[in-house]
Structures are given as structure tokens and as C-alpha cells.
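Next come two complexes, and both contain subunit A; in the first it sits with subunit B, in the second with subunit C.
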Partner chain A sequence: MTTANPSIDQANTLPLKEKLAKTTAIQRRRAFLLTLPLVLFLLISFVFPIGQMLFNSIHNNKVSAVVPDFATAIQAWDGQGLPSEATFEIFVKDLAKAKKVREVGRTVGNMATRINYEMPGSRSLFTKSARKVGKIKQGPYKEALIKIDKKWANPQVWLTLQRASHDISPAFYVAAMDLKYNETGEIVEADELYQIYLNNFVKTLWLAALITFICVLLAYPVAYLLSVLPLRQSNLLMIMVLLPFWTSLLVRTTAWIAILQTEGVINDLLVYFGVIGDDGRIQMIYNQTGTIIAMVHILLPFMILPLYSVMKTIQPTYMRAALSMGSKPFYAYRRVYLPQTIPGLAAGTLLVFILAIGYYITPALVGGQDGLLISNLIAYHIQKSLNWSLGAALGTMLLVVVLLLYWVYNKLIGIDKLKFG
Partner chain B sequence: MTGEVPLVRFENIQKSYDGETLVVKDFNLDVAAGEFVTMLGPSGSGKTTCLMMLAGFEPATQGEIYLKGKPINKVPPYKRGIGMVFQNYALFPHMTVAENLAFPLEVRKIPKAEREARVNRALDMVQLGAFGGRRPMQLSGGQQQRVAVARSLIFDPDLVLMDEPLGALDKNLREQMQYEIKHMHEELGLTVVYVTHDQTEALTMSNRIAVFEDGIVQQCAAPAALYERPENAFVANFIGENNRLMGKVTAIDGDKVNILSDNGDQLVASKVNVNAVGDRSTISLRPERVFVNPDINSVDNLFSAKVEELIYHGDHIRTRFTVCGHDDFIVKVPNSAANSLLQEGNIVPIGWKMEDCLALDA
Partner chain C sequence: MINFLQNSINNKRRAYFFLALATVLVVLLTGTIKAAIGFLFIFGIPLYFMEKMNDYATTGERFTRYMFLVISASVLIFLIAPVLIIMPLSFNAEPYFTFTDGMLSFDSEAYSSRWYLDILHNGMKAPEAIEGWWSDMWNNAQWIRAARNSFFIATVSAIIATTLGTLAALGLSRPEMPQRALITSLLISPMIVPLVITATGMFFFYSSIGIAKTYTGVILAHVTLGVPFVIITVTATLSGFDMSLVRASQNMGANGWTTFRRIIMPLILPGMISGALFAFITSLDEVVAVLFIADVEQRTIPRQMFSGIREQISPTILAVASILVVMSVCLLTVLELLRRRSEKLRGMSPG
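On to the complex of A and B.
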């Protein structure tokens, strides 16, 4: 357009972009208001707790909150021999003050627990000393404290205290990765007895992979049937697939206990038919087998539905076309059908695997000792040992694994191809 | 086909899906090598079922299909060596165009070098030389259609089946593809069995057309014969435009039949599908074979008709008359100076020859 209409030109002094922004502003504001409840909900229930967890995993102020002056003073120590007399004095005075504090999270007991994570067996050193520290009226404080307990002469106690005085520290990741600080403060492998987390991570990943694999094997034919059966039969089958979804997770898991336990249905039947003797009842629950069986059952729909939604869109003419071109049925299936189901297969695999590595209730109920997964250990630290920072560190590591998987998936298949149903 | 074995023979084929109704009732058809045979019919008439039985995807409930003289009822589809073009092309979406074309060759374990050469030749044949690396979804409908045709031909099958391959294309493209497929058929000497519900498509492309209705072939003949000499009222009505007058046979004299129409007019028609005096009959008459203001000696039937409606079509004027008690009698009046005087409400004489007026079954 070389000749623009002058009257329109005068009215249109604003650039086009601004005009567009103006006209759509109300719409955008309204749309944002509609999503506001969800945004708030996500912030409060999702972003904030995860941020809190990430923060907790590296942040722990149990020492600096109890003995604040000492926490500052000990930083000056070079780690050689014992800290200076002045530092000892500050520590004794801080400890005496802290003894009277009853506020949760700021008691000597809290600090003792924190140090005890890294120096097992040191808890009583703090509680005992805190009781007696009031009697120390004057210096030399170093000797007086060592008189209360000889352990105060051990430099490792002070090294640990120095490290723990930092509010921000990688100590819990060190613990979560089955490492520890040695006497001189270097990070080394923990004693074999205490190496439980990495092994459990590996076990969790392995079990999740196994469960995912079994789910693929079981779900693929079912999803295929669902996609090809006439509507009436496929509806019935779909209801059967979804039925577990509509049943409480707890009920389903408990049902497995009733079926699988040594006095349960399967063992009773096997004994009744003489397959096994009454004394040879098979242990199928409270171990890994129980975890695998129950979790496969619970996660199966998450594999079937994405597969089904993809298979439904694959027209039967593809297979017919392949056959008409001279391909044998199996070859046609492998070259033509299978590749087209990969988005669904990948979505189901990703979903089931991610759900499986974070699963909690089922392994807790039917896993026994060796069927416990990493989430059960996290729960243990959150609920029982109350070492939240370690729990948070483990949780963060789990989150990183999941994000890593997601990234790999995106590289290999592409998130945009994900089909969940 | 005298003495020679036809390439395809359907022999007394019946097909039922539910065990109660027959979708195909006693189907017989021979297809000679090099022929282009179209199965034409409304949807649900059994034509696609016949094609699927020939391809091997549906078993015949009764009867036998022969390919080169050998019964193939028990031969699985992948051993029949029949190329097929599907309605939605069925191009594999996860493969490139070249991979799609190479698939039949790959299955036959043809060496890679030869495979590539043949794929390139096929791509050139359908004028898609530069598109080998694309996915089918990145092609237009017409291009996909060409790939589908090329893929069905690439392994040099004895026979190519096409199941409404042009159904998804718009009108212009469809017409263009009709000619392309027809030329390919002629140049490559293919044998094609083609299924469509579009009679224009069938008339344009085929050597022979089998008109299906209700599981039965009503007539199987060359396009011109189908149009000029339909054997029954269904075919006359289904192929091309057709005026129908109802009446009763009053006399038969060789090829000539006298008919008394339902409103009392006397007609002379050609005998096609009436047997005896007293039979009811449908008189079939093509709109372009009726003349307005005819020379009295040149026509065998002459009536006065009332002009009801004139629709301008450029080269002709589609005129609706009331004649012999029917108000839906269509005549294509050539757009000439003499005829431009027609007005709605006029009463004019119209007439037609006996040969153009066929006495068919009622």
C-alpha cells in the first residue's frame, strides 16, 4: 500500500503493537484472574514446599542458634590442636546460657542431635556438659571443660562443631551420598555398615526399572486389545483397567497382603493342591517380591492408558498396507506398528518409572525390610529420626534423578510427543 | 478372453460378516491382464468387500478367487503380490517418502543399491524427485496420493488394487489424478481393479465397470455401453442423468415396445428389459436426447410439454418440463438462438427417438 488513507493515519498515531496490546489487555487480565487460584495453589502447595526442601537440605542452624557467639568465634580457629582459651570461654558461657532455653529448635539437645549425626555417640557429651557447665565460674575454661569430659580434648569434636557452625553446609549431601568427614575433616567413604543410601538409591532405580519393564510387558497386549476390540467389549475391558483406579490405594495394597501372605489365598491353594507342603509356604510378601507385585498392579493403568491413546490413532490400514507390500505379519508389526506406538510407550515408561521411584505407601506396607525404597528412608528421616535436612537432601537427590530422566526423555523422544491419554 | 486364463477370476463369491445377511451375493467377474476394471456402487453395496477379499484381508464366505488360474483363498495377503492403494493412502508416518517406497523392496531383500535406484526412478515417475527425504505429513494431499500409487507399483505387482484413492482430494486435483492414473495404466500396462462411488471417475478411467447394488453386480460393461444401453433401471439411474417415465407394456414387436404411460400417453420404446405384454416398465431417457420443437419425422415420440423451470448452464439450458404426468422431466436444451425464446409456463412440443428411449424393468 503506497497511498495510505490520511484520515486513518491521523487517528492511528500509536504503533500497531501498542494498539494490539491495548485491545487485548482486558482479555489477558481476565484470563490471568481465572488462573489466579491455580497459580496461588501451585505456589503454596508446590513451589514453596519444594523450595523449602531444597533450602533445608543445605541449611541447618542448630549450632548457631544454640551457641551463637561461639559459632562466630570458632571460625577464626585454624583447626590445629585445640581452639584458643578465649574460644573455650565463649563456648562455656554460650552453653550455660543455652541450658536455660526451652524454645523448640534452640535447646542444647537440638545441637547435640545435630553433632551426633556426624559423630555418632557424642550426644551425651553435650547434654552432660550442659548440666555441669554452670559450675565453671572462672578460667581456665579449657581445663575445666576437659575435666567435665575428656572428649573435649579431642580435636575432632571441635572440627565437627566448626563445620556445623556454618548454617549453610553440604554436610547432609555428604551423609546422603554415604560419605563422611574423617578425623582431619576430609570427606571420605563412610563405614560399610552406614552405607545405606546409595545402595538404596540403586535398589530403588533397579526395582523401578523392573516394575516398569513388567508393566510394559503386561500393558502392551491389553492396550492393543483395547484399541482393536469392538466398542462393547473394549468398554468392558476399559472398566476393568480403570477399576483399580477407583479403589483406594490402601484397600488394594491390603488386598495383596491377604492374597500373598504365608497364610494367604495363594499359599493355601498351593498347599491344598499339594504343590507345596504346609511347612514350605512361600514368602511372597514383606520382601521385594511383594513390593514388585503390588506396585505393578497399581501402576499398570498408567502404562495402559498412554499406550491405548496412541494405539487408538493407528489405523489398521497401516498393517494392511505393509502386508499388501509383501511383509510378513511380524515384520510389519516391528517396522510399522511398533515404531508408531513409541510416543505412548515412552510416556507410559516415563510415568510409571517416575511414580515408581518415588512410591511410598505400597513398599511401606508390603515391602518388609528389603522391599523398602528411597522414599521410605526419606519418610523415616522426616517422621522418626527428625533429621529433616538429611531427608531433604535425599529428596533433592530424588528430584534431580527425576529431572535428569525427563531431560534424557526430551533429548531422545521430545516432550512435545508425550501422550498421556 | 477366449480360452485364455484371466488374471483374476471371482467365482460365485459370497460374503457375510454376521452370518445373517450377505454383503456380497454370488459375485462373478473375470479381469484380463492389462484391464482397468472399476467396481462402482453406492456405499455399502459390497464393492470394497470384494476388493478386500481379493487383497486377502477378508476371507470369502463361499466361492473361490483365482489369481493367474490358481485359487488364492488360502494364500495370505503378503504372498499374493498384489499392490494396493488405500483410501487414506496408509503412508507410514514415521518413515520418509523414500523409506516408504523402499519398504516393499526391503521386504523382498533387494540389495540397497538397486533399492535406491528403483526408489529414485519411482519418485521421478510421480514427479516427486526432490521429496524423498520428507515425511508424508509434510506433503500435500495430491503428493501423498502419488507416493501411495508409486509405492503400490514399485515392486512390479501383477495387479494393483485401488480403494477410492481419490476420495480425499478436491475436485480439480481429483480430475488431474484421474488422468495421471489412467496414463500410468496405459504406459506401464498395469492391471487395475479400482473401487469408487464416483461414476464420473469410473467412466473416465475404466475399460469396464461393474455396477454394484445390494451385493449384486447389476451390470458389467464398458463405460459407453453402461451409459447407452443400461440393462436395468438401477444402472440407468446410477450412471449419468436419467429421466424416468412409468408405464405398462401394451405390445412387443421385435425390438419395439409400445408403452401406455400411467397418465394415458402412448410411447414407443426399445426393448431392453421387459418380457411380456402387461409388464410394468420404467422408461429411461437421457436429458440430452430429447429435442425441443423437433422435426416431426425425425422423432418417434412427440408430446407437448410445459416449461416449469429454466436453469442457465452456459453451453446448455437445463429445462424442467411437465410431460406424461411427470413434472421432473429434465431436458438439456442447447444454448442456441432458437431455444433462447423458451419461457417458463410455455407449452412446447418435445420429442425423442425410439432408440434413445429404453424400456427397462419397473
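On to the complex of A and C.
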């Protein structure tokens, strides 16, 4: 009996297993196919563009596109003294050719701007030389070029050119981290006056932390009140949380301008109540204070809602039990109530912090000078200064921080737990 | 003795006594009556609303509870006041952003609807003309054009986002979905990634394929930003979904489409509609992507407000803002009704 018919067993089990495997595979494929259109859509409209931007932060071909032959030739130079006469000849000829190009992104001006990022003040050297380089008909090219401008005898120009000839380079991360290349090509700290990015990064993180902290302080009592009130009343009060949540961001920012400006409602009230004199009106907007107040207002619902949904599930009997067993109220709160709200606290804190460090609109409108965040610097480089690679490098650094926090959020709370209202 | 005192005096009356004492103190300290009025206002209202506490509550507990109410009320006022305060301000007869003396004394002269008219007139060629007034406004008034753009872009993006999002949510909610966590985090990420980064990436890529500064580009961007909201709401609706209904329907010979149309769709419809509304309002409120991708041709209401705040700040913006607030009130009402209906459908609450 023990050896009874393995072949029949096999005939029964194997196909069943296979069948099961097949059906599961079909079901898995079906489920995946349902998500596929959206996944593809997001890959094209969202992931790929961001990937391309990240690539921009290390890729810049403004030198090799303008003077291609020179970009290859300069690589052979060992960095001692000046490059060889032959390299100079190639450079002069490339520059003369490039002068005629009008295509955006391939002009001498584009290259000059690229070098100017690393050697401030060198822009005119290129544009001026490009105008005059046509006159150089024969060698020695080295002397002729130096005759046009003495700066060509400075090895730093050639070192910078050599570095920038690489299409892929960390130069923009060097700049984004407040560092620079010195005369001999080593990475050193930038001059204090130019150290803006790391400081701004630290300021952004600090402000985001402060805003998150204020949000916790303000949200905790409100969420608690909402969670203990009877449903009818809590629904009514919930409207006071949800209405601002669903009101346009710009509407709320406008409202804060109306309230906080020096001729605004708060200052008028303070003057009316005699707290301050009419000439002592407080500047509360177009600075850091304005940014903090407006952002706390905008992000507060993101803290209240997760806290509320956690607090609603906490049984009031636990606290009563602790109190009836003789605990002091604060001790009972600290040991019984607070630990149970930690999931909500973590969710709210992470969400608010993540949203705060990437904020752009509110600081741009009410931040003035000292209320600007890293997002505003990125936008400045993309839209105004047009140093796209530096903007992309700053963006990448911000993105890394955000994705890291997103990953933590996913691990701790799970993004599918997110809910609105 | 202390117990006797505590019980003999009504809780509230004693609290009012302390409040009066504190107010007098404020008057003495600041030297003005006005400050005391403010003080009374802030601390008196929560006291009025505070319910009677149990007799065994200690003074400390009462005080804690009272302070808790004061703080909560202040935070709620902080949340709602800015949204409400712009409405009376938008009826200001003067071009100021604050209450004039006339407004405070309810002088009807100090109020006017001129800024609402300005929404219609701003940019019109001949606001006074009677002939062709309507088409002039429809085609030339800046805010009207912005509103048309906004509603067109928001409607189209909401429809696309809801279609794609619902499909994906259906897939994600199936138990056999492979790599669920990874794909969910990908689909939600447009909400998490800072808008400036998203907009910058889109600006470069859309420029390179020639759809920057077109409606297509703006709509693509807004679909991307609206998708997470659809996923979240529809997945939440599906989480309470009874899968045996689907099996029952298939048992009775319905094919996939019929099952979806007759069984799944009616049950998740409230979730789908709220998802669509979320996507709609996200697009209606979005300004960063518009700033980067859109041209003058695609100017939306938020974009118009953005430049209004930056360049020529006038109460017209407050008037527009008030209209938007009224709109969010309507949307919120619809969302709440949908939520109740959805809970009823799923038998979660008698609501």
C-alpha cells in the first residue's frame, strides 16, 4: 500500500499544481495589466522627466558642443604650465568656427557662461577673444592669443576649460555644496560671501522642523477635542478644519497677506487695543515670520487629520482605568494616552515635514528675502539665472532628502494608510 | 473647609469671578480698556461654552480643561478666520486690504461690489458698451479667460486621472497584485515629490518634445498631480469591498465588463466621484506646474492670482478668492454627502 501508484498521484497532483500556478499567473498578470496604463503614463510624464533633470545635474556639454576638437585635445594636457602650441592652434580654429554658430546652446556665449560659473569674471574673455580670433591667420597661436588678452596666460583658465570639457562632471554638485575649485584645481570651500546653498538647505530643514513642531503643538489639542466630542459636534468642528484644507492655497496666502501686512487686520487690531502705537506697526509678512505663519496654517490639517483618525480609535476606558488606579492625570496621559497616539503623530509629522521642505508658492509670495526656501532657489536658477545644471543639482539634493523621508514613511506607516477627511 | 467652599460656590460663577479679576489686572497692567476687551473676548467665550464639570473634578483639572478649550478654540479660529475674513474685505469700497472705519461702523457707503464687477471688466475693450458686451467679456476679460482655462484644464485632467486611477486602484486592490507596495508608492509619489522638482523636470522634457506651452502639456502635468488623490480615495472605497460579490457575478455568467459595470462600479462610484473632485480641485488650485509649463495662452485662475499678488495687488483678488471659497464650501458639501452615501452602501454606519 505504501508504494501505491506514484504515477496516478503524479498525474493528479502535477497538473493541479500547474493549473493553480497558471491561474495565479493569469490573475497576477490581470491585476498588473490594470495598473499598467497608469504606470506607463507616470513613467513618461513624471519619472522620465525627473530622471532627465537628474541627469542634467551631472551632464553639461556647453564646452564640448562649442569647441569639440579642442575638448578632445585638451585632455592630453598634463596640467603643468600652459597647454602645447598644437592645442592652442586647435582652440583658436575651433573658436573662430564657433563664432559663426547662432544655434542656441552652441554659441561662444553659452560656453563663456559655463566657464564663468567656475571663474567669475571670465565671461568677457571668451566673447572678446571670439570677436578678434578671426584675425589670427598663422602661428605661433599661443603668443597671438595671449596678445588678444593676457588672461590666456593664466593656467587656471585652461585648467577650468579642461575640467569643463568633460560632459559628465560633478562641477555643479561642487557648486551646490558651497565648494569651488581653486587655482590648482583642488576642491576647497567657497568664499564666505558665496556660501548660500548649504546655509539655505540648513535653513529650509530648520524651518520645516520648526513648522512641523508648531503644527504638532497646535494640532494635538484640536485632534483630541474632535475625537472626544459627540459625532454631531465633532462633524461641525471638522468643517473648520476641512474648509481651509480644501480652499485654494493662493486664497489662503492672499488672506494671510490681508491679515498680516502692516496696514492689515492684525496690526489694526493691535493698534486699536493699544498694544502698539500707530507708528510701531509690526512687520509680519514678507519675511520669515510670514512664511512660518502661512505655512503652519496651510499644513496644519495634514497634522490634524492623521492624529484625529488615530485618537478616534483610542478607548477612553484606558485612561479611566489608569486614573482609577490612582495615577496622576499627567502621568496617566504620558504613560497610557500618548504612546497610543504615536502612530498618528509619526504620520502627521513626516507628512508635514516632507511637504514643508519642498514648499515653493507660499515662501515665494510672502517670504520676502529671508523667508525663501531651497525650492525658491531652485526655481530661481531654472527660470531667472538659467543655470539649469546647478538648479538640477540642488533639486537632486532636495529630492534625495524627500525620497529618503518618503521611504521612512512607507516603512513606518505605509502610504496606503493615507486618507483625506 | 476648602471642600465646603468648593461645593458651595457654583463652578462657573467662580470662574467668572476669576476672569473679572484677571481683566481688572490686565487693565491695570496695560492701562487701556481696549486690551481688556480683547482679553475678555479670548478667555470669556470658551468659558461660556464650557460644560458643567463633575463635582469631584479638582480645581487643577478644571483649569486644565478650561485652558485646553481655550487653546483648541484659538487653533480652530486660526484655521477658519483667514478663510472667512476675506469675504467682508472683498466688499470694501476702497482699494485697501483692511477694514476701513466706515466698514466697521457698518456704513453702507463703505461697502460695494465694485471688485466683483472688476473681475468681469478687467481686460475688456469696452466695459460700458451694451452692444457685444457679453462676447467682449467672454473673450477679453482676463479673469473670465483664466476661469475658462482653469475649468477646461481641470475637467479634462480630472476625467483622465479618474479613468487611469480607478483602473490602477482596481488592480492594486486585488490580492494577487505583484509588487503592490512598490507600485503604490510610485503612483502616490507625485504628491510627495516637491512640486518645483516635478515642474522643472516636466518643463525640460515637455520642451524637448514640443508640448510645453500647450494645453496638452498642462493637462498631462495636472493628470500626474491628480492621480495620487484618485488612487487614495478609490483604494479606500475598495478596501471594504466584498470580493465574493465579484465571484458571485462571475458564477452567474457575467463577463468582466458586465461585472465591473453592474457590480463594482455602482459600489465604488462615490469613491470615484470624490476622487474625481479631488483631482479637479487639485488641478484648479495648481500653480507651480502652470508657472513652469504654461504660456500666457494657458493662464489659469491661480496663475492670474499669483501674478496679481506679486504685481498689482488689489481687492479684485479678494473677490476672486471669496468666490473660490464659496466653491470649496459647495465641493466640501458634495464630498461629505458622497462619504455618507459610500458608508451607507458599504453598511459601515447608518449615517
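Basically, the second predicted complex is superposed on the first by the 382 of 421 C-alpha atoms of A that agree within 3 Å, B and C clash if a C-alpha of one lies under 4 Å from a C-alpha of the other, contacts with A are read in each partner's own complex, and residues count from 1 in each chain.
As a convention for this text, a contact is a pair of C-beta atoms (placed from the backbone, for glycine too) under 8 Å apart; a residue touches a chain by one contact, two chains touch by 3 or more.
All values derive from a computational prediction rather than experimental measurement.
In the superposed model, A:Tyr406 makes contact with subunit C only, not with subunit B.
Applying the stated contact rule after C-alpha superposition, one finds that A:Gly371 touches neither subunit B nor subunit C.
In the superposition on chain A, contact is made by A:Pro244 with subunit C only, not with subunit B.
Looking at the shared chain after the overlay, A:Gly348 reaches neither subunit B nor subunit C. Contacts of A:Pro329 after superposition: both subunit B and subunit C are touched. Looking at the shared chain after the overlay, A:Pro306 reaches neither subunit B nor subunit C. In the superposed model, A:Pro83 lies in contact with neither subunit B nor subunit C. If you count the residues of subunit A touched by subunit B and by subunit C, you find the higher number for C. Once chain A of one complex is fitted onto chain A of the other, the partner contacts of A:Ala392 are limited to subunit C, with no touch recorded for subunit B. In the superposed pair of complexes, A:Pro339 makes contact with subunit B only, with no contact to subunit C.
In the superposition on the C-alpha atoms of chain A, the part of subunit A touched by subunit B in one complex and by subunit C in the other spans residues 329. Chain contact summary for the complex, subunit B toward subunit A: residues 55-57, 76-84, 86-88, 90, 92-94, 103-104, 107-108, 151-152, 155, 161. Of all residues in subunit A, only 315, 317-318, 320-329, 331-332, 335-336, 339-340 touch subunit B in the complex they form. Of all residues in subunit A, those touching subunit C in their complex are 24, 27-28, 30-39, 41-42, 45-53, 56, 218-219, 221-222, 224-225, 237, 239-244, 246-259, 261, 263-265, 268-269, 272-275, 297, 300-301, 329, 354, 357-361, 365, 375, 378-379, 382-383, 388, 391-392, 395, 398-399, 402-403, 406, 410, 414-416, 418-421.
Remark: subunit C residues 30-32, 34-35, 37-38, 61, 64, 68-69, 71-72, 75-76, 78-83, 85-86, 89, 96-99, 164-165, 167-168, 170-172, 174, 176-178, 181, 183-190, 192-198, 200-206, 220-221, 223-224, 227, 229, 232-233, 235-236, 278, 281, 284-285, 287-288, 292, 302, 305-306, 309-310, 313, 317-318, 321, 324-325, 328-329, 331-332, 335-336, 339 touch subunit A in the complex.
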